[in-house]
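In the two assemblies presented below, chain A is common to both, partnered first by chain B and then by chain C.
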Partner chain A sequence: MESSSTYFSGFSLNDLWYLGEAALRTLWISVLAISIGSVIGIFLGLALSVSRVVAFTLGTILDIFRSVPLIIQLVLFFNFAPIIGLRLNPFEAGLIVLIVYTSCYVANVARGGIEAVGQPMRRAARSLGMNYWQDLRYVVWPIGLRAVFPAWVGVALGVLKDSALVSILGYVELLKASQILMTRTQEAILILSIAGAFYFALSYPISYYATRLEQRWSQ
Partner chain B sequence: MIKISNLYKSYDDLEVLKGINLNVSKGEVLSVIGSSGSGKSTLLYCINGLEPIQQGQIIVDDIDVHASDTNLNSVRQNMGMVFQQWNSFPHLTVLENVALAPRIVSKLPKAQALEIAEKQLRHVGLGDKLSKYPSALSGGQQQRLAIARALAMEPKCMLFDEATSALDPELVGEVLDTIRLLAEEGMTMICVTHEMGFAREVSDRVAFFHEGVIEEINQPEELFGAPKSVYLQKFLSKVKK
Partner chain C sequence: MDYNFHWRPVFKTLPDLLESAILTVEVAVLSMVLGILFGLALSLIRIHMTGPLKWFAVSWIELARNTPALLQLFFFGFGLGAFGIHFSPFLIVLMGLTFNNSGYLAENFRGGFNAIPDTQIRASLSLGMNSFQTYTRIIIPQVLRIVYHPMTNQMVWAVLMSSLGMLVGFRELSGETQFFASKTYRIFEYFAATAVIYYVLVKIILGAAKLMALRLFKY
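Coming up: the complex of A and B.
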């Protein structure tokens, strides 16, 4: 925030740097949330496919997290964490909530992937002598991934955008930085356009790479 | 080779197998016929350890399949299974489909696994499709691919579960020819089938399943020529229509 110590009120190159830095923070918290949340989500998805009892109880919990708006989860968690003795800064609190949020969505995607592979295919794999993990690694993973990859990309892009909500905890990511600059410069349209362009620049490589990958698989 | 004694199997409350006793000797081809829901597939799943059993014993090649200290994965390596749906791995080429299990289950070096795979694919007449993906194959070819995939583990016996009933009629022949070839080579096999002609011609014995028991088992000429059980008589008259 050193850059804002110059009390220049128009939009300057420094401000662009400031937004760029904030975009990196958006990227950082999103990449962490997406990668950790995806790993957890995959295991949750596996658990969902194990038994009906697990699917029901776990499924209900996941439904709760998916139906309560992220912004409410963020505020609740940030304010309740100190009560249970967790001293978290906005980044940590935001990251934890985003990870949980991502895992809930990825869990459903993963379950869809496992179902797409299907019991008969897995029995065929097991009948060849593969153990549970070999079946997962060499059959369920590659086949299921191809089936639900577009859905996973959708979740990832969603998390990237939804990470903007972490700004209400005071973490200065792209949206928060834009708000700060807008208050100072009063140039809302310009700054929001730049912020939008940054979001696009962060998302586009993901969609581009995803499409390429899907094309390669479909050959 | 395969000894089944007093086998009981239920799914939750539904009792599907009610006291099966059956011996299949080495090199024998046993066909299993019977109406839908009589428990034919379930029997194969139990032999292969894909389904747990409630009572009785299944011994394959001197190993008690359902004993608690049995490693099912190694039992299954000695038993090939081919299903009604061919279940080819869509993300792998034909050659890789067959080489996968030798490589990761038998832990063979890649070159050797590929060599075995190629040999088995030629065996079932798919030598010219090695680098194709399964989606480019007909149902009959995919079913032969499934047979090659099972053979690549060099099993001591093969279990076929209605290997031809999901196929278009004109593709049934090529798959039956492949199974016939294995029979001639002396492979021990249990074939669940709806193809009465095939059962009659290829099998050493035929077992007729009815409501979870082996209602009648005999050599094909006797079983088809002079069925004793009334249920079998009914079943055969329905099939002939």
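Coming up: the complex of A and C.
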């Protein structure tokens, strides 16, 4: 018994802290990816709505990122970066891929929001003497945001959950941490349930709040 | 840049990759068919029932939607393994994807059911149909039409999610790619080829869905 206890030991309170810390790392990488990706995505969405030619070329590129599994993108980029001379640790590589992934989805959402604001409304704004950016800031933004906010929350929650895939690069976030603990303690059900509870606790309140907000706005 | 690309091994094993792509489509289609059945059942339970059955349906839906798909796969793989229940990798992926698809589809169906006016039900009941006939002949066909677009999206998601199979030892497209990549060390080349195959797969599915929509929704 003595010899085996060095390798396998039961689940302890320390491990719960370990998982909690890992959950914070999951939150950190997702918050970074969502915020940076959303800003980029909004500008991409703007570009998509400007002209047909841009929409076609840019749309095709964004489409590629949305048609290839994230896990393939992660492996691909992690192995491509050294080829072009970039030295990235798993966190940086994962973050970059997640940002690109987020911005592709947000771009489509943003385009939907911009198109939700009718052309007459925007002409009216311009004829009131607003310039292009004022029109975007004071007319398109508030109206478009309401139209696509639920969709954006959906994208953000998707990124939060998909950040679990960064574990394959070796970044110790929630899922990787639970894998490590599973190997040590051999208590798969318990640890996966705790990890699931952490994910649920991060994701469910946001999705619940977004649904409530959507209902209130639609009234 | 001092990296030499070697595409020859990729081309040599391309038939194997394409064969495993068929496995990817198989598991995605199966999980979609099962997901539609379970999803319909879950959404009907959630709308019409109370008590433990509703509680069961709601927790299934919320768990499927608020935890990462990879965690769900691990649960069916390692989690049930702790109870001594071992499934083949194919079944693990199939169950994980079905669990996930059912949750998302159930929410789509709920929106679809809510969009059908009550008068439809009353009209068909007054024509002498029983409630089973009402649902299978009047309500569900309309719901399927409403949620057709979200369903095609979910189908694409199922194909992309099946790539997680590579982490539970399933030799579908991604698993096969990883196998060859680690055998030959041409990691970038193999995953780039796989990304292209996934892109083509998704395009084929979307095209087929469009054709099917033309045929199904002629009237």
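Throughout what follows, the second predicted complex is superposed on the first by the 199 of 219 C-alpha atoms of A that agree within 3 Å, B and C clash if a C-alpha of one lies under 4 Å from a C-alpha of the other, contacts with A are read in each partner's own complex, and residues count from 1 in each chain.
As a convention for this text, contacts are C-beta pairs under 8 Å (C-beta built on N, C-alpha and C of every residue); 3 or more make two chains touch, one makes a residue touch a chain.
As the structure is a prediction and not an experimental result, all values here were calculated from the model.
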Which superposed partner A:161 touches (first chain B, second chain C, both, neither): second
Which superposed partner A:22 touches (first chain B, second chain C, both, neither): neither
First, second, both or neither for A:114, with chain B first and chain C second: neither
Touching partner for A:204 - first (chain B), second (chain C), both, neither: second
Which superposed partner A:42 touches (first chain B, second chain C, both, neither): neither
First (chain B), second (chain C), both or neither touched by A:99: neither
In the superposition, chain B vs chain C on chain A residues touched: C
Which superposed partner A:189 touches (first chain B, second chain C, both, neither): second
In the complex, chain A residues that touch chain C: 64, 67-73, 75-76, 79-80, 82-85, 157, 161-162, 164-165, 167-168, 175, 179, 182, 186-189, 192-193, 195-196, 199-200, 203-204, 207
Chain C residues within the chain A interface of the complex: 1, 3, 62-63, 65-71, 74-75, 78-79, 81-83, 156, 160-161, 163-164, 166-167, 174, 177, 187-188, 191-192, 194-195, 198-199, 202-203
Of chain A, residues touching chain B in the complex: 120-121, 123-131, 134, 138-139, 142-143, 146, 217
For the chain B and chain A complex, residues of the former touching the latter: 45, 48, 50, 73-74, 76-77, 79-81, 83, 85, 87, 89-91, 100-101, 104-106, 146, 149-150, 153
